[in-house]
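The structure follows.
Each chain carries a letter (A, B and C) given by its place in the written order, and its residues are counted from 1.
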Amino acid sequence: MSPALGNTVSSLQRSGTFINTLIAALTICGQQLFSSFTFSCPCQVGKNFYYGSAFLIIPALILLVAGFALRSQTWTITSEYCCSCVPQLRRISLLERRLACLHFFSITGRALVAPLTWLAVTLLTGTYYECAASEFVSVGRYRAFDNISAGERQEILAGFPCCRSVPSNMILVRDEVALLHRYQSQMLGWILITLATITALVSYSLARCCSPLTSLQHRYWTNHLHNERELFEQAAAQHSRLLILQRIKKLFGFIPGNEDVRHIHIPSCQDW
Amino acid sequence: MSPALGNTVSSLQRSGTFINTLIAALTICGQQLFSSFTFSCPCQVGKNFYYGSAFLIIPALILLVAGFALRSQTWTITSEYCCSCVPQLRRISLLERRLACLHFFSITGRALVAPLTWLAVTLLTGTYYECAASEFVSVGRYRAFDNISAGERQEILAGFPCCRSVPSNMILVRDEVALLHRYQSQMLGWILITLATITALVSYSLARCCSPLTSLQHRYWTNHLHNERELFEQAAAQHSRLLILQRIKKLFGFIPGNEDVRHIHIPSCQDW
Amino acid sequence: MSPALGNTVSSLQRSGTFINTLIAALTICGQQLFSSFTFSCPCQVGKNFYYGSAFLIIPALILLVAGFALRSQTWTITSEYCCSCVPQLRRISLLERRLACLHFFSITGRALVAPLTWLAVTLLTGTYYECAASEFVSVGRYRAFDNISAGERQEILAGFPCCRSVPSNMILVRDEVALLHRYQSQMLGWILITLATITALVSYSLARCCSPLTSLQHRYWTNHLHNERELFEQAAAQHSRLLILQRIKKLFGFIPGNEDVRHIHIPSCQDW
């Protein structure tokens, strides 16, 4: 790999872009696969809307929850700052509080990638929206619907997303309605993408500008957090080993790996 | 592997997400394979419901049992805290009891992954539900069923999930019933997924908040348990070797692997 | 391998699940291969039942016997506790007797894995059952059988599992009968699997609860047995070499592999 390219890649990785792109790509592939295997509009009055909405919204909600839940930092922050069950033994300084906010902000950003991608892809594809909105189209201006009662009209409209169940004189109407729904769905998709991009840009700039840390301090802080965790784990491992070795010596009379095994004894039932 | 990706992967593994995802993926693949090879709706009155239900529920129950049984910790906790056969030699402190609850809770969570995945996938696919529910659909509003006796109607309805055994004037009805069942099945699937996600989130948050351990203590405790098991096994292995060597020396008069074999003697029948 | 995954794998191996899964997987693959190469229903009156039953039951019996015979512990326990030919030189304590029961119990469990898997897989596949049960179906309600004598009916029914030998007006009947047999076979399979799972769970829990050993002691005991066998074999091998070397030195006057061969002498006829 050329040094310039490698440099770009490593800087992308550091800013989290790499992982965000990966998440978005996986979401897009997953949506296409999932949709082609499981989605088939019921085409019955009063069911289309719930079916389409469920396929639009529930996966996005689940991806949002998963995005928050899968980050272990979420739980660290939650239990440290929000839980009133834990007695507040130590004061939290203003700087710490602002850093936690910053951290939470970055976690939220990462968690929103997958659900926003799901919504954008499904809206740009349009089939879910077409099914959900099929009953709510106004067909007063089409002459084919003049002599048809409200109940029958509902049924015909609900049958539009399925190709088979439409009377022959309404095929033209159905095609027009389909194009209209596609237009609405894709415009919604573009609006969503634009809003998300602008929000991401503005909030990232604000966070960077109003952060209590300069760029160098931020890098130092990240490094500091990483070192803290690593050294703590090292110390904890050594501490627990020492404790356990003492208990084992009491039980068996010697320390494992030690050659000095004079006082070996068989533990009684009481000791276990 | 890049450090950012590696970091994410290791943090996923620590929170158990990696294994849960693996379990869910294996369940999905297994369900698809199993279903394509073995499932064929009997299409006979009074049998469809039992057949479909068996394929829906029994695998989920077996996966649940297996999920509990395969975790060795389940048995450790069961025998330590629940069995009244073992005399209660030592007191169990409140902290220990709460930690055992927490542990049991995490085991239950892991054990529920596979059966819930099975149910969700089968409901979203819809074929099992379609077979099980085929006899219970109300077809009063279709004119094709007007001149047909109740017994024949039952038989025709039971034949819907199989493609071959339907009169030609009922193909449209069958397609509508299939779409209806698919809708019901998939909506049930979405409700199940949503409830499971919310329950998981709420209970995990509660467990994290009301845990007697802070986040750092939790990490220390996990590490401590791991160290304890490892060192105990090391010590037990050494202890049992020493005991056996003593017995062998009594029997044969020397220690295996030792060059000092002056006192070798043939063991008498009594010694064995 | 990642530590979390490795941990899971090692805990699986310790609880015997790994080997059980391997046995079950091999049985499934073996059944599929064996079945596709050798099974072809004879489709002749009076032979289908014996043929199908033989393929269902005999392999299961052989797998059961093999499961017992392949475990060396079976023979150790049998010769130690059951054979009256060996004089009872030493008393067997109650604890030892209970441990032997526990051991026998675990051997039985392992030995049942393969035959139960065989039965479950063959019943869920359904082809063996279809062949065995083909002659015993009641076809009174089908009009195609109205003008056919009992002997001919038997022959036609026996021909159902083979695709070639069915009159054209009975193809629909054959399809229905095939679906019925598949239903019966798979329901039997599910019942078998459910009963086996429940029995395994209950008996394992009972064994674990009423075991004379705690969880830690159990682990120690398993390790102890393994060490004992290994060290005994090592010592016995060295002991027997030493004894034989002494006897050879007496006979030939030197030790094989030793350079010090001054006292070589030709053995007399008496020495042999």
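Operating definition for what follows: a residue touches a chain if its C-beta (ideal position, glycine included) is under 8 Å from a C-beta of that chain, and two chains touch if they have at least 3 such contacts.
For clarity, every value in this text was computed on a predicted model and none was experimentally measured.
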item: Chain copies touching (subunit B, subunit C) - same or different residues, decided at half shared; value: different
item: Superposing rotation of subunit A relative to subunit C, computed on C-alpha atoms, to nearest 5°; value: 70
item: Whole-Å separation of chain centres (CA-atom averages), subunit B against subunit C; value: 25
item: Centre distance in Å when subunit A and subunit C are each reduced to the mean of their C-alpha atoms; value: 47
item: Where subunit A touches two or more other chains at once, by residue number; value: 272
item: Residues of subunit A that touch subunit B when the two form their complex; value: 10, 13-14, 16, 18-19, 37-38, 40-44, 47, 50-51, 54-55, 58, 61-62, 65-66, 69-72, 75-76, 78-80, 82-83, 85-86, 162, 164-165, 232-233, 236-237, 239-241, 243-245, 248, 251-252, 254-257, 261, 264, 266, 269-270, 272
item: Partner subunit A, residues of subunit B touching it in the complex; value: 2-5, 8, 11-12, 14-15, 17, 89, 124-126, 172, 175-176, 179-180, 182-183, 186-187, 190, 193-194, 197-198, 200-201, 204-205, 208-211, 214-216, 219-220, 223-224, 227-228, 231-232, 234-236, 238-239, 242-243
